[in-house]
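Chain naming follows the written order as A, B, C and D, and within any one chain the residues start at number 1.
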Amino acid sequence: MINSATQGFWLADSAIDATAFREQLGDESCGACVIFEGRVRNHNEGRAVLRLAYEAHAPMALKEGAMILQEATQRFAISKAAAVHRQGELALTEAAVVVGVASAHRDAAFQACRYIIDEIKHRLPIWKKEYYADGTAEWVNCRQCAAPHAHGETPG
Amino acid sequence: MINSATQGFWLADSAIDATAFREQLGDESCGACVIFEGRVRNHNEGRAVLRLAYEAHAPMALKEGAMILQEATQRFAISKAAAVHRQGELALTEAAVVVGVASAHRDAAFQACRYIIDEIKHRLPIWKKEYYADGTAEWVNCRQCAAPHAHGETPG
Amino acid sequence: MAIPVKVIEIKWFAAYREAAGVATETARTDAATAAELFVEMQRKHPALASFSAALLAINDEMADWNRTLQDGDEVLFFPPVAGG
Amino acid sequence: MAIPVKVIEIKWFAAYREAAGVATETARTDAATAAELFVEMQRKHPALASFSAALLAINDEMADWNRTLQDGDEVLFFPPVAGG
């Protein structure tokens, strides 16, 4: 699903091609490029992780992802921004998410890249299930995430 | 001169292999990887740039580069750090410097990557000559750089 | 005054889907809001009782828990997200 | 009291090298410090006069402008750096 010719937000069903991802950020006016990769770690909160799976609600994830990139472009002096998030089964060390930003100067690239990954982690309708070495599995919550879209009262 | 199996600091005489550079940062314990690329821009302070050349004092640049990576490893909770800087002639869009950091969590990776590129720009004995579209050329100063190693009085 | 029964399509995601045992279901309900509907569904699917509600969307737009449900709405219940 | 003349190897880099017209030279000097040596060299190479001094190294270690020069030292004059 990744389109190496255009910037934007995608969901990928198979391994992200880091080389193609990086190349789409090339731009003669850009002196700085910052790329963030979030990878499947072999541990989380003290437990040995074997693999994981992401489930996304694709229509809204794509819309929210595109919105986050647009916000970053408005807030920071950047010329390109792209991000891709995996869905489905992932093995250890595979990239779950890759964010890339190109800009004339490095300040904006660092700030925008950080903004995008933080917003992706808080806002994208996507859920992670970790499979552990002891045979159990669990849906993982983003513990720091106060629900930014839960306007009004919540039950329960 | 880049060695894809080891972390560390290098000077490169030819194009940096971004894929090999990224792969050396792979680590099953790392959930976050941040890569910064500084590229040759087609403009600087309003002038059209055609190409540029870096001159390094290699023995001291290698020593200072390794020191910067060591400092980053001590200050931030990261597990890998690597950087490579070009010397000699560079064309537009070529990477002049690449910095990569891998860590368990993204905060440390972003902070360490930023620390390393900032220190490289201020401390590495390396000089940049820009060649402009109007046929002139100029050695470029890092304008924000107060000389951090000029202990004591300076003449002139 | 009798409240007319609404037909609401429900979609469950991730941990909610596993607790509910279904990915989608159709509710005939007189719940006025999504919050009331969630509590009603917690009674229907006891495994949902241990979950507090997080986010929801109505017709693929993020929505308030207090928004009045309309006949024919599609309600998506989202557990806390965990991207990246 | 006559100060003994020291023999100092000088290396010029980047803009300094172009202004001096040479990459290396040997100075026979009675300059006590690197700062004095730089001023002396500015007189020898008038194109250097417009530069203010930035960093220097002695025997491949970053050094103070006020450090006393020893006979046989190698002094590296660095213009302001511009990596990345």
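Remarks
One rule holds for everything that comes next: contacts are C-beta pairs under 8 Å (C-beta built on N, C-alpha and C of every residue); 3 or more make two chains touch, one makes a residue touch a chain.
Here the structure is a predicted model, which is why all the values come from computation and not from measurement.
Centroid distances from chain A, each centroid being the mean of CA atoms, peak for D. One simple way to say how far apart two chains are is to compare their mean CA positions; for chain A and chain D this gives 52 Å. Annotation: 26 Å between the Cα-based centres of chain A and chain B.
Between chain B and chain D the centroid-to-centroid distance comes to 27 Å (mean Cα coordinates, whole Å).
Shared contact sites, meaning residues of chain B that touch two or more other chains, fall at 38, 117. Two chains count as a pair here when they touch; such pairs are A-B, A-C, B-D. Taken in their complex, chain A has these residues touching chain C: 38, 54-55, 57, 59-60, 85, 96-97, 117, 120-129, 139-142, 145, 147, 149-156. Against chain A, the residues of chain B that register as touching in their complex are 18-19, 22, 26-43, 92-93, 104, 106, 109-110, 113-114, 117. Partner chain B is touched in their complex by these residues of chain D: 11, 13-15, 18, 35-36, 38-39, 42, 51-57, 60, 62-66, 76, 78-84.
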